[in-house]
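Consider the two complexes below, in which chain A is the common component and chain B and chain C are the respective partners.
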Partner chain A sequence: MQKITDSPIDFAEDIIHDVKNSKEEGVLKCVQCGMCTSTCPAARHSDYNPRDIIERVLEGDITILEDDCIWNCFYCYTCHSVCPVGNSVCEVNQILKQFAIKNGIGYEKLYEYMGFADSYFTAAIGAIPEIFFADIDRDVPGWWDFRQHLDEIRNELELDPPLMPPKDVIDEVSTILTITGFKKKIENIREAQEGEK
Partner chain B sequence: MKSVPDKDILLFRSCLVSVEYPGVEASTKFVFDKLGIDYAISEKQTCCTGLGHYSDVFDQIDTTAIGARNFRIAREIGRPNLVMMCATCYAINKKSVKLLNKKDDLREHINKLFDDNGLSHLKYEKDDLKPTENIFHVVDILYGKKDEIKDHIKYDLSGYTIATHHGCHYCKVHYEDTIGGVRDPNILDELIEECGCKTIGWYDHKRATCGTGFRQRYSNPELSFTATADKMNAIADEDVDIMVHLCPNCHIQFDRYQHLIGEREGRNFRAIHLNIAQFIALAMGGDFDKVIGVKAHTVPIDSVIKELKEVEQ
Partner chain C sequence: MRDDLKVGVFLCECGGNIADVVDLDEVRASLDVEFVGQFENLCSLNGRKIIRDAIFDHDLDRVVVAACSPISHEKTFQDYVKPLNPYLMDMANIREQCSWVHSDRKKATHKAITLINASIEKVKQSDAVDPIYCQTPDEVAVIGGGIAGMNAALSLAKQGTKVTIIEQSPSIGGHMAKIGKVFSPVKIAEECGMCLLNPILNELVWNDNIEVMTNTKVIEAERRAGTYNLILEKSPRYVDTEKCLACGKCAEVCQVEVPNDWNDNLSLRKAIYRPFGQSYPEAYVIDMDNCDKCGDCFRQCSMRAIRLKGKPEKTLLQVGSIIVATGHKLFDMEKRPEYGYTRYDDVITQSELGRITGVNGPTKGKLLKANGEVPKRVVMIQCVGSRDEKPDGHRYCSKICCTVALKNANIIKHKYPDTDVLICYTDIRTPGMFEKYYKHTQENEVRFMRGRPGEVVKKGDNFIVRTEDTLKGEFVEIEADMVVLSTAMEPSDGTKEIAEILNVGTTEDGFIKESHPKIKPIATDVQGIFVCGTAHDPKDITDSIMQATAAAAKVNEYNYGGVEIEPFIAEIDNEKCIVCGDCVSRCKYKSMSIQEDEVYIDPMSCTGCGKCLVGCNQRAITVNGNIDEKILSTIKGVLSKKQEGERMILVFLDNIGYTAADNIGVNRLSYPESIHIIKVISVNRVRPKHIRYALENGADGVFIGEFPGDLMYDEVERKIQRVKDRISEMGQNPERITFSKVYIPYFSGLARKFNDFDEKIAELDEVES
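Coming up: the complex of A and B.
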């Protein structure tokens, strides 16, 4: 019989102690009822299974960090909002991904999104990364043309202040993201991915 | 219902609103002005990190440190009530306030980083802000003033078939603070009713995600668009003219990709997409180009709204 002092619980304990966890010991209260899976859009349309994720966490199965399926979560928080014991698979999933990244797993998944980091250092805004512009242009007729006229449209709407914050604000935000370790993490991901090419 | 402020508001700018649907910002200001709400926008406030956060690029400490800076700015200008146009900004900021108040280690760690790097002016003290009393979405503020909306209605939009989509990061993340229901969300339906219109109410998949799923739309489009198709098929079955939502992420997913998803499904989806602030601004007489910002929309607003009929006095 599994006891609470068994080592598999360590994995769940690490999740409970993660700063992102807002559900205290919720993960230990899971009764495997499957409410999460029954309302999950990723479970409806792919192999993603939130109930199974918690089962594997409670079994101490750390191979889940390498399982591609964890990257299918929509972060829609439906599971989080319906769980009868107050667990949140959505938060657990986010924590698992950060564990994976800290272990050097999933860098290729983040690489496409480096634009979010770059736009923060150059403009303190979180614009859609340019790497996706070609896809958007293909899928959305007229979008590129609209973006070329964004300034005119904003002027017509008399929006103030302008889109871009002042330089001292961008500098302050860049400093914050350097001292939290964010900048170093981004450099490491980039180096690892570009080194492979 | 929780208490909702109508003054000392920092209207929190959203990156997606700014670059994709700037008319949402203009419409929010237009409606706030009509309702006598005291708000300001600050050029010092920066992005909540939400899109990067939910693409797993930003970790919680990065997001919360950026949040602490924005919270300091709001307090500095005497506007401690943060009001968000985007559901993701709303959920991100509310979580950061909760964590900063509750997790002493995190707060002390961030404050020490600020202290050690010449940023002491940004430090956050426990309970500087309260998650329920200071962090709101625009819909909360509108709901607090809903009895006054009908006094300002100029156009009658009641002839259209209207459905609502509520935005997961408004309803489901901090469900204890959500007005109008979580599993059966209705705050938008109630606000639309104050404009003299009746929505279709419940429909299949009403509470489901728009399908954006952050990284899903770009890295896993098949999964994303399949989820969106559930919703689009459901509203097409109801022959909806106008879909009303409260988040620019959902707005992009529906408005920008409706044509593509229609091709995939072999159906002609024809609904137009408006943020609730745009819908109310339109009913209050806001100009298509100077307030609603229709030029930013992919599905043309005038494909459904061809003429506006004034309400009978």
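Coming up: the complex of A and C.
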């Protein structure tokens, strides 16, 4: 039962005021029509339900931060582009994940993606971590072969070789990531996960 | 001499609304005038006696009423000062613009004294002028021959008014003619739409007061003294309606077949055709874009009704008032490719379903798919283009689509009980009696699923409608072999065109805007132009007819009552005028014209903005009412009360901005006491000399607000920039002048702008002192 002193909307307000939210009051205008869910690939293949995410946010249900399902969204932004009231569950999802991380939740989910973080330091770009190669090759037949021969294919198409950031850029990006606390955050996640093992 | 005038000031306590914040004793003590009166409710009939007695007893020449806003009670007090001329009274707004926006008693009292003093100085400059009465011609043009236009015309004609219906298509009848069956909420049943429409059509055709012009459009409009001159263009029909018997032999021999738009392009028609069985005029028409001019029809016609040559003819129609009934169109499904409408024949709209199930439609009423089979499951998708903030979508609810879906679902269920009908909805909106029809539809075994489908894809011979059953929280794929889209209603192209031609305001969605959504739902913001039907907003047939007949009543009210106009408009001195025409081309409101070698000014469209004055080399134009002097005296009246260290900002607003400012008070928001609002008939009347005078004589800042919809907006904006440049050249700070957009509904924004400007001026004062 909701008590008279409860203010469930506070949770939604926190999300609206997050810097990542570009849709102003969109969350509050949700009428639960389900159009997001009807086009969501994650909803089709898992128990992720974008409409339900907003419903729980509006109910002030903060246990959603601990729900494994929020990690199933992989940012295709379809919900963002179809929402009839101009909401973006995709952005809300990203904010929820940040809230979770701040509360020490989901480190094990992030741990799989550490390779992405490392590539910012080593190459100043987000590169697909090697541990995903096998999965991708399984899901996208021919992908590995394509990747192996990328240079030749580009050559054939008369494309320039891929532009890679030079060393001074890599150094600069590394410095920024260190000063802004990104590096520390990554170390914490590694420590927490590897410590557990 | 004006200084010798005897002025009486009447203070209203407004039952405490004013007296609780403003110390009226102190106000009374500060006034140096012939007479000061005070009463708790001046607008009551007792107030009338107090004012009138004082005018007689003290022989008053001018009256100031310090009370509420003139927007509320100017008319009341203009009446109460009789036998004084109504324009010898001025109102000092010490409620909406003082006691309701300020709380500091001392400051509010001083502000009230300042505002009253400004009114006293202003009213001394007033001259007795008489309002102008205009009588408009009785003839009426109804633009649009759909169900709304037909009813408006018929109602007027039955009351003895001459009406011309202007319809751009070859027949009157509009959308209702093609709907098939209609539904009325009281009878839980669907009825034949044409059977309801036909008697109205017949009555209209036989009424001598009505002239129907088909194939005709309004291409130009101009207004003079309450008379609209409409230039009409009639496209050739190529068939003489007087001779044609509508026997149809011409169409039999015509070899050209093109999609029949009356059937939503679901069937074919010939290049010579009759739009539909009951179309009026009862005659064929040639679609010249598709005609191959073989001459077969010409040779076939025994009546010699066909003329293959013809060109558009222009005619002039003079009327006193206009009813806009130009209707709607349906949402363009190319904008929502995810539903597959343009790719798949069996994804259709509710309008097309209406044609398919109509006995006079392409399948003679049989519900068939493109392959000729009866569908096993029909899925209807609601809110297509409505309640949709995506690009090209409409934020509003189209209001009728829920009931349209229910109606068509029932029609299917009656004839094909084995066909499963499922309606995917976000909310079912069936207010009032329509709710009973919703229940009836459920009893008919029509199924409902709460969820807004994201896409329709083809799988084998069938469709998959992807949606979420939001009540269960389950993602579902519904297999269907026909999908029906409930498309949004939007303003027709004709509605958009006529709004531009007649210069009537539209809503952000492009519908014709009513003059007030609550209390003036039929008048537009242009006098003498009224709106009805779906040109105004989405509505059903019943509501369209109600609004149409109401529009007819409003037109007659206007015809019989005449129009009273404020006399502060331009006047030409024909002795000086050389008829150069400069003012005619300058006037943004098109109120000037040259008639019989003289410049004529239409009192109904002149706003008194004074643009013509400035350009007239002969100085042959004046604007009645001593306006320049009134503005200057008001400024002097405010500034003369400036105290040591007091910040004074003058705000110039016309009727729109002033109403917005009143709304700040009505909603009990606040702004600084430094803000002094001066109401002007047009912001353009604030001359550079006024602004310079104000800044040189104590004003710390000048704020000018204008509604961007005003035709003079750009002009005023440029003018203010020139004044700023000039001020800058003279070594003063142009930052002390600001020009801002104002909107009536956006009063909180205006309050914020007042606060921001006050802060900025305070900073400037600090820096420059």
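Going forward, the second predicted complex is superposed on the first by the 159 of 197 C-alpha atoms of A that agree within 3 Å, B and C clash if a C-alpha of one lies under 4 Å from a C-alpha of the other, contacts with A are read in each partner's own complex, and residues count from 1 in each chain.
Rule of thumb we're sticking to: a residue touches a chain if its C-beta (ideal position, glycine included) is under 8 Å from a C-beta of that chain, and two chains touch if they have at least 3 such contacts.
Please read all numbers here as calculations on a predicted model, not as lab measurements.
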First (chain B), second (chain C), both or neither touched by A:Thr122: neither
Which of chain B and chain C A:Asn188 touches, first, second, both or neither: neither
Partner with the higher number of touched chain A residues, chain C or chain B: B
Contacts of A:Gly34 with chain B and chain C, given as first, second, both or neither: second
Partner chain(s) touched by A:Asp52 [first = chain B, second = chain C, both, neither]: second
Contacts of A:Arg44 with chain B and chain C, given as first, second, both or neither: both
Which of chain B and chain C A:Asn103 touches, first, second, both or neither: neither
Contacts of A:Pro84 with chain B and chain C, given as first, second, both or neither: second
Overlapping contact positions on chain A, where the chain C interface meets the chain B interface: 44, 78, 81-82
Residues of chain A touching chain B in the complex: 19-20, 22, 41-42, 44-46, 71-78, 80-82, 94, 97-98, 101, 106, 109-110, 112-114, 116-117, 120, 124-128, 132, 135-136, 139-143, 146-147, 149-150, 153-154, 156-163, 165-166, 169, 172-173, 175-177, 179-182, 185-186
Parts of chain C lying in touch with chain A, wherever the complex brings them together: 338, 383, 387-390, 393, 426-427, 450-455, 466-470, 473, 475
Parts of chain A lying in touch with chain C, wherever the complex brings them together: 31-40, 43-44, 49, 51-52, 78, 81-86
Residue ranges of chain B in contact with chain A within the complex: 15, 18-19, 22-23, 25-26, 41-52, 54-62, 65-66, 69, 91, 95, 98-99, 103, 105-106, 110, 113, 116-119, 122, 168-169, 171-173, 175, 182-183, 207-209, 211-216, 218-221, 223, 226-227, 230, 256-257, 259-260, 289-291, 293, 295-296, 298
